[in-house]
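In what comes next, chain A is part of two complexes: it sits with chain B in the first one and with chain C in the second one.
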Partner chain A sequence: MKLLEVENLETCYGNLKVLKGITFSIEKGQIAALLGANGAGKSTTLKTISGLLKPLNGSIMLENEDIARLETHKIIGLGITHVPEGRFIFSTLSVDENLEIGAHIINDKKRVLEIKEEVYNMFPRLRERYKQLGGTLSGGEQQMLAIGRGLMANPKILLLDEPSLGLSPKLFMMIMDKIVEIRDKGVTILIVEQNAKAALKISDKGFIMETGRIVKSGTANELLNDPVIQQAYLGKKT
Partner chain B sequence: MELFAQQILNGLTIGAFYALIALGYTMVYGILKQINFAHGDLFMFGAYLGMTFLNMLIGAGLVSPWLIIPVCLASMLLVSALGLLLERAAYRPLRNAGRLPPIVSTLGAAIILQNAVMLLYEPRFRWYPEKISLPAWSLKIYSIQITFTQLLLLFLSFTFMTFLYLFIMKTKWGIAMRAVSLDINTAKLMGINVNKAIEITFIIGPALGAAGGIMVGLYYRQLIFTMGWNYGLKAFTAAILGGIGNVPGAVLGGIVLGLLESLSAGYIASCWKDAIAFFVLIIILLIRPQGILGEKIAEKI
Partner chain C sequence: MQKKYSILKSKLAIAYLLTFILFLLLPIVLDYSNNPYWISIGVNYLIWIILGLAMNIALGYAGLFQLGQAGFYAVGAYVVAILNVKIFTFVIYGITFKIGGYSFFPSLLIALVISCIVGYLFSRPILRLRGDYLCIATIGLGEIIRYILTNDLINAPPGDYAPPMKILGTGKSLLIILDNPVGGLTGGPNGISGIARPEILGFTFDTPFKYYYLVMFFVLLVLFVMKRLENSRLGRAWTYIREDETAAQSMGVDIVHYKLLAFIISAGIAGIAGGLYAGRYTVISPAPDVFGFGASVLMFCIVVLGGIGSIPGVLVGSLGLVLLPEIFRSFPEARYLFVGIAMLLMMIFRPHGLIPGNMLSFNKKYCDACSSNT
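For the complex of A and B:
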């Protein structure tokens, strides 16, 4: 069953067209990787899906409802969470408050506590620091907090933008494991990642973007074994 | 010593008025990074509305100090509505127009309000009705005189401020407002309706301003249509002194300013009070440009 279907999406920054008609879809319960060089339009795609940017053309269907052009808070309310690149933790709010804000759309207080408990179980490090201000956490902890905060809205689909940014290899592996764990709990994931190899290894399918277009898509295995992709994105010498 | 204690008490009272008004400036700045130059005039309008309502009730034959409560609530409500209207008319259309246009549009709104009140109430001093006055009872501790009015107004201001603080720190929409003030785009990603958070700001700020207006009316009993400018300037300064955007800072700034004024009035001369108060403010801001409670936390990446 398709959860998210993006069709012919075009987005502009001023006069500059950054997305030139992209089409892709994600099945429910999958991890999909959106890959490509800097400036290919990956973050723009995520921002358009979450409504931070308004598309010029095209549609974004979430379970048969077109969410393109809705206001961001309505899109989040429908079950899409976007963990932005650079994390954007609320630096002067505590870890606990950051998580509470993530659950803004959930009105049932008991439910919020339940989800928060789940997030703390997933990231025990956050529980240890629940009173600490977000801005004083290390980069890895901030990434955990950003993902945890994203989960607080109990999303159907989680958009992750560059979760590896500035992380040590060890922390990066840990975050990737957590992403699989989140998928196993039933959350569909769209991940944008510079480390294409690591992203494809945990993904079900992948899309390669170049200058505003999807130039290649397929299952993760197909992409991992494609010689052209290997050379261009996976750092393999031929 | 007596003079000192008495002036501290007076300063606290005036400071509480400044603090109530300063909260409106600091909240709007916090959430929109804009200065609402019409806020002083919303305060002034609240003071005039209070007077009108009291006169209407007296005209209807009702005379009791308890009437101040419904009058205060009604004025707060109306001024909140005016605040919302201001947001719609002067801010929202200019949300993406940069920082300067909204300053001009709120200055325009300030001029409109001031002139409207001047035309409605005539350009002369007006007085709060003598018939409705708070009990003249006063307390003497050693030789410091504390009037009932002072006690009541201090109590009311600090009750309002405590409620505001609890709202901002503990409730869902309070936390949402803080999130919007920290980072508007990330707040959107949390599913927060940013427009609603801004509207709440424009309800609470003007409501507190109107309450401040009525308190000033009850304390000094005398109103003039230009008073929004004077009090607004002081409260704006208080907000900056405390660290603009910071709610407890606005309260602290208001009180520091009130104390500075009343102490310089008591020890030097009342005609020098503004000059001295502002001189000390300049010194404080030279040492702490971010204000007393304003602080920046280093962000680790």
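For the complex of A and C:
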């Protein structure tokens, strides 16, 4: 079943057209990877889906409902949460308060506590530091906090923008394991990543973007074994 | 850890109680020592506390650089004055009813509502502006309100020889008549005089001593509302917007909605302060030092010097900025010099304000974080 269908999406920054009509779809319970060089429009795609940017043309269907042009808080209410690049942790608020921001759209206090308990179970490190200020956490902990905060809204789809940013390889592998764990709990994931190889290894599906267009898409295995992609993105010499 | 926190909390409660008793006893002491001048300064101080608290909602909680606040202060004062002094007769499809000539308290309630409405109309077009751009836009809008009041909406006949009735609008369906049109609607640069003093159940708040307790009641009311707001869903949303607008937006906080609420609530409270000002002095005029840009800056300074987002900070900040010029009144040329020096010293030695808003909670968190690390 297709959960998210993006069709012919175009987005501009002023006069500059960044997305030139992209089309893709994600099935429920999948991890999909959006790959490409810097400036290809990956982050713009995520921002458009989550409503931070308004598209010029095209549609974004979530379970057969067009969500393009809705306000961000309404889109989150419908089940799409965006974990932005650079994490955007509230550095003067505690870990616990940071998590509660994520659940701002949920009115039921009891439900918020339940979800928070789940998030703490998934990231025990956050429970240890629940009173510490966001700004005093290490990079890896901040990334966990950002993902945990995204989960607080109880999303159907989680949009992850560069979870590897500034992390050591070991921490990165740990975050990747967590992403698989989140998928196994039934959350569909769309991940934007520079480390294409690692992202494709955990993904079911992949899309390669180049200057505002999707130039190749397929299952993760197909992409991993494609010689052109191996050369361009996976660092293999031919 | 829990114990430490509760001690801190009870200490705070004692501090609040002592401050409350001090405020309660102050006019009695001044009355015994026959000092009515200082009691009226006390009334002024309390009105500025309300204005500071209103500013604290926009600037301290939601982080909006609002420099048009004096406009709402003026709206509150003028609504109370107009409803008290003027009477309008409305004729709609033959049905006649009169508005105006109300006593102080009903007028104050209407002033609150109208200030909120003006706050909404004022902030709606500029909500998407941020930081310094918002600041400039609010300065302009605040001055617009004052100029509208100065230039009067209705052409006032000069002098006292106005006809007893003035027809404002004619039409088959609607006719508005202003019964006592001397001075027009807002009185232009002369303002409105002869506003009745507040009266409830035959008790008139006519002396500064009595008025002090009336304003103090409103201060407590506003404080109660603010304390409730601070830890509510709304208060938390404001904190997120203040800390990081983009992050708040991407986490599903409807920033336009919450910013609008901050403007409206802040405008309403400033309107109450304006109404209390009108009832205290019984004369109002659109003087720039009362309702102009200077007043907005003073409110801004109260919050910044006291400590952004902090209620005790507002009490201390308005004490400094309202009382200091009074103390040095005997040096009329140099009295603002002392205020300037005091502000400079504060900025050097306490750059986050005298009592920073998150000082107490920050220390608590910081200690806990350290102990959990070791």
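The criterion applied here is as follows: the second predicted complex is superposed on the first by the 238 of 238 C-alpha atoms of A that agree within 3 Å, B and C clash if a C-alpha of one lies under 4 Å from a C-alpha of the other, contacts with A are read in each partner's own complex, and residues count from 1 in each chain.
Here is the rule we go by: a contact is a pair of C-beta atoms (placed from the backbone, for glycine too) under 8 Å apart; a residue touches a chain by one contact, two chains touch by 3 or more.
As the structure is a prediction and not an experimental result, all values here were calculated from the model.
After superposition on chain A, the partners chain B and chain C are seen to clash. By the touch criterion defined above, A:Lys178 lies against neither chain B nor chain C after alignment on the C-alpha atoms of chain A. Look at A:Lys116: by the touch rule set out above, it reaches neither chain B nor chain C. By the touch criterion defined above, A:Gly166 lies against chain B but remains apart from chain C after alignment on the C-alpha atoms of chain A. Legend: residue contacts after superposition of the two complexes on their common chain; A:Gln132 is shown touching chain C, with no touch to chain B.
Look at A:Phe88: by the touch rule set out above, it reaches both chain B and chain C. In the overlay built on the shared chain, the residue A:Gln142 is in contact with chain B alone; chain C does not reach it.
Clashing C-alpha atoms with chain B appear in just one stretch of chain C from the list 3-11, 93-101, 165-173 or 183-191: 183-191.
In the superposition on chain A, the residues of chain A contacting both chain B and chain C are 50, 52, 71-73, 76-77, 81-82, 84, 88, 90-93, 97, 100-102, 104-105, 133, 136, 149, 153. For chain C in complex with chain A, the residues that touch the partner chain are 233, 236-237, 239-240, 243-244, 246-254, 358, 362, 365-366, 368-369, 372. Partner chain B is touched in their complex by these residues of chain A: 50-52, 71-73, 76-77, 81-82, 84, 86, 88, 90-93, 97, 100-102, 104-105, 133, 135-139, 142, 149, 153, 166. Looking at the complex, you find that chain A touches chain C at residues 50, 52, 71-73, 76-77, 81-82, 84, 88-94, 97, 100-102, 104-105, 128-129, 131-133, 136, 149, 153. On chain B, the positions that touch chain A within their shared complex are 172, 175-176, 178-179, 182-183, 185-194, 297-301.
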